[in-house]
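Shared between the two complexes below is chain A, which has chain B as its partner in the first and chain C in the second.
Up next is the complex of A and B:
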């Protein structure tokens, strides 16, 4: 009897069930490998995942209004902006109570600059009112006193902005990022002269595609040479590819400025050989041409290196076999060699495209006004206008665009077809 | 074993050394000739008097607003004093990132006893701003590219005259200053410029004026760019900071002249970051009191052609420290240069900057 029971439950030598012992051993092993990758995991979480989550959060977060003006926000829920009239005394009283605390804590100006993103003039309205609030009569009437401090407090639009931004979360930054705005009649596109972001997204995509294509056209023959030349000469060529790769980005960009500008080396040379006249020097910088040339140069190694490592693995005997079966050079290349190099093209194109879509410094320096990217506006909102919410929304859209393109790429080419070597 | 001890001891010493230097003071400025002038005029004499103070310079002023906000969010303020433009000081003050000061108690009186608030006067554009210099955005032009038989340009408005002065221009890639010049040169009276800019028609009018030279204009974003473009002969005329033009003309001897009329006055000064611990605040206040007194501000003008922000410093401005030339004629505030000046309205820009900037950038991109 006991024998059959033992046979049913296998045990280790010291009598523990084998299943438990195995899972414990596996668990220990898993923990050990987790410990080994823990530094990397923590690093990635802290420096990659956390900032992205923080960015996504900032693009919708809007608690500043309800935190600074808690009473007003509640009173404004009753008010309907469609009446076309400013709210009644109760709202002004609530505003007075809120602002008094806000001024003491000096948070009213911060709220003012937040609301100013939605409507110009609110920043100074809050600053001005902040200075007046101490002198206001605590007994009221408040509406009169606020209107006396600044007539803008009678403006329905000001109150409407306040009411609209009362919730703790807002889609306003995203609306702004696609050139739309919230109006009393619902969401509408902004007037033509204010639209900029969709246009810039489009241009960023267009220029990135152009840069990817020119990198491919220039990089493919070089990678082919690198892979097919004898080792000694291909090493020399490899150094020529890597040398600019190791040179500072700013140095290379500045060098392009010297070369491309109208009084620059290339124009001087063309004038000297008489190809163009002195009065008609070519404009090759501070526009899209400048951006495409400089960025292609900077990103070229990212195309060449994956191409090279894939081509290196293509055995020359396939092409020889094709030729021995009667193919000419072109057909042997196109039907036999090229398909095998496609994974390298995929890897290089994805690398170059994703790098260029978020590029910032080179377009800023050589792009003038027609060659700048969406990333330049993001940088502007981070460092100059301090509109971090809008910058976060634009960044999120850029991230989503890249992910969508990645999925499309996967559907068409297949991500398994990407090889780095 | 021995090596380990040495390393440990060294690390311990480094830490001890770090904490012992409680008198470290981190000043943030713009680098280059301007920061050098501050070092020569302010910190070198201050350190000579207070040998226990160590000054650390950080050249982060161009990103100061964003970095101060990030420091504030992280709750760790590593800067003690930050050099910013007037418009940024308003922004920092509004955001609660800079500390409000009381000019009469925090800043030194003039030698004749005039209160600081009066001596600085209108220069105190926000509650947090400690003014140092007046600089201007003005126009430089290539003297060798002026067409024959034509008077050289004298005014900012000449930049719009493509017939008289053909050639490329350079302008700052932002609405501030350009919008004002456009309206002014289109015939709007000086005092009406900002009220006109508040209307849609006014903005359209300014952009239409800028449209006339848009194809001939290179837009700069770093202040070194227009000066380099002038030096290369890439442009005929461009807006730049007057101190940069001074060094291009007087120090590098380039064939460049200046068209001073309707120069755009701007201010630069210190702000103290909000939330400094007590001891550091005290140390930095002591330094600011010293560094913004009448003599120190006048001394700075020996090294760079920016005007001191105090009225009482103006008579003390002397010769350039190394070139030996009189500095007064190169100051934006000199009567010969300041016949027509435009004073930037910072508070107006604090309100309308976001709005106009969106329109301006959309216009640029098209």
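Up next is the complex of A and C:
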């Protein structure tokens, strides 16, 4: 309306601000769509969000010391490890009281193995002391009796570990996950030979990017062909693309072992045609090459499918229009077709990257030691070393890394530019 | 701008088959002089788009040669033909702004920046979208997109512009407005336009000449009025405008006239257009507005008919009658506030001139 066109703020007929009215109308719409996705939302909350929250929690949670040794923790607050001397009698008495209960409840061994992550030897110290505690004199003096049970109880470092882990929350797992440690002098990087995680994170990132790039380079032409072929031939090609989905992941990965190993098919062939000598067979498996090749193969469909579905929507008349306007094949592709396929590239790249950054089976099988990912370490801590806190911290860092990359991606490409079809 | 910018097009015995089994375009010979607005009109699937695509270079001719300004272009790739094209769905590049879309053909021709801007501005003003340069195509209405598509096809000064049903997606009112705008642009620029449509009104209002296609063959190529007044065969008579059909047999021929006996025995005089000898089956074609109720004895043809239905349409009244056994016989009566009222069921004489009744090839 012309009479409202010049007004500063537009209003509805009854004088309410137009913006408010609009957002109210949209809100109702949003609520309705929310209702539609409610079942899925609840499912996701229970099975996905809850475990993640639990993981985040575990990565900082540290009740075990204060729960098992409540009195000791309180006494240790007064003690300053910087003095270089073990704490006094009071601490030992508290420890005696705590341990007696802990041994009765059999929780002292769990605490021992937890503290063992921080300083090796503590686990056996706790088990040994647990066996001796019943024979100790309730009247004290406790310090002597403990030192008699095991000389390590006079070690400042043991007490320091106890004090360090007394708070209910700890950043220790995260420090560990980035190869740092808490020393009396503050947070420091671990000595070079003990560092593994940062390096592993870097490698995971690097390999994932390599895999994403090779998927893109291999997948783009296929998707282009798929989108431009007539339906009958493109269906056949599509079946070939989807074929990997129909075979088990393990079978495919093992097939790569057969193909890539030094006595494998590819090496045999190369030797046979004389390209390489028998002595110089290529090492293509149990290293990064193996991981990149096998993972690219496995994740390729995840690149091709979003690319294809986006390319399918690009009408051929755009390229025709470009040509009729004087563009040669290359310019028509680069300036008109390619920009319209970018959403597909975005979707495919994000998908492949995120899948590969958390991949675990394939690197485990074909990666050897130089081709494994951070997720293999996480799996190790969850199922073998049982250091769930560290696994959770590593997982959290991985999650954060993905989110950060996502934000960066959003800044550069724009998340609106991701289209799955 | 120069009036003689257009290019001449010549199709020489062009044939086209997609599958090697059937011909979609059968032996097309067509001459388009520079500056002409030629429309290819025909029902769906008659091969219009195919003819256009061969000219634009997106489909190879199976046989024959196409000439652009006397130059054979069969082996010239589309981007070197310098032909502007407006697509049915406009094909505006969605990732570029309107101005970028218009600048695209200039950029690929390495036109200088300043000149680019100048030409883009001029083209936008030509289609009255001067202030829309920074919008994306998706932010424009259908009619605006259509204008941008026209401007883009013209911005690099092509001598020939092809348009494939450019108005197909627009509503009726907008379509009519755009028809005039395109027509005016054509008149002002003097480019040759080959236009494809299956809307006959559009073809008649815009074109210098119309080529009526059916089944891969040009049925008739003439000016819009000739097409309406002098259809050369029953297909054209049917396809262009409204038309009454009366089936019969030629019983006598005298010069350009012939006498036709209808299937119910009525004898009518007609213009001999597409019959050759006595005894031929023929279909008479007669425009509804040429039939008169005000009959008099000197009329060439006079018959009685029964009024079956009256439809009031404001400026005229449509009368459906049963004439000579054909109860789909339509008469259009101009509404002049007649004193004499027509009533349904009444039997009245109707008459028409010989020249308005064409004896064409028979249809069943």
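Here is the rule we use: the second predicted complex is superposed on the first by the 383 of 421 C-alpha atoms of A that agree within 3 Å, B and C clash if a C-alpha of one lies under 4 Å from a C-alpha of the other, contacts with A are read in each partner's own complex, and residues count from 1 in each chain.
The definition used in the following text is that a contact is a pair of C-beta atoms (placed from the backbone, for glycine too) under 8 Å apart; a residue touches a chain by one contact, two chains touch by 3 or more.
Predicted model, so just to flag it, every value in this text is computed and none were measured.
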Which of chain B and chain C A:193 touches, first, second, both or neither: first
First (chain B), second (chain C), both or neither touched by A:93: neither
Residue contacts on chain A - larger count, chain B or chain C: B
Contacts of A:336 with chain B and chain C, given as first, second, both or neither: second
Which superposed partner A:116 touches (first chain B, second chain C, both, neither): first
Shared contact residues on chain A - chain B and chain C: none
Complex contacts: residues of chain B adjacent to chain A: 62-63, 65-66, 69, 91, 93-96, 168, 173, 204, 218-219, 221, 232-234, 347-348, 350-355, 357-359, 361-366
Complex interface listing, chain C residues touching chain A: 56-58, 77-85, 87-89, 91-95, 104-105, 108-109, 152-153, 156, 162
Partner chain C, residues of chain A touching it in the complex: 315, 317-318, 320-328, 331-332, 335-336, 339-340
Chain A residues touching chain B - in the complex, by the definition given at the top: 106-107, 109-110, 112-113, 116-117, 120-124, 127, 193-196, 199-200, 203, 261-263, 286, 364, 368-370, 372, 377, 382-388
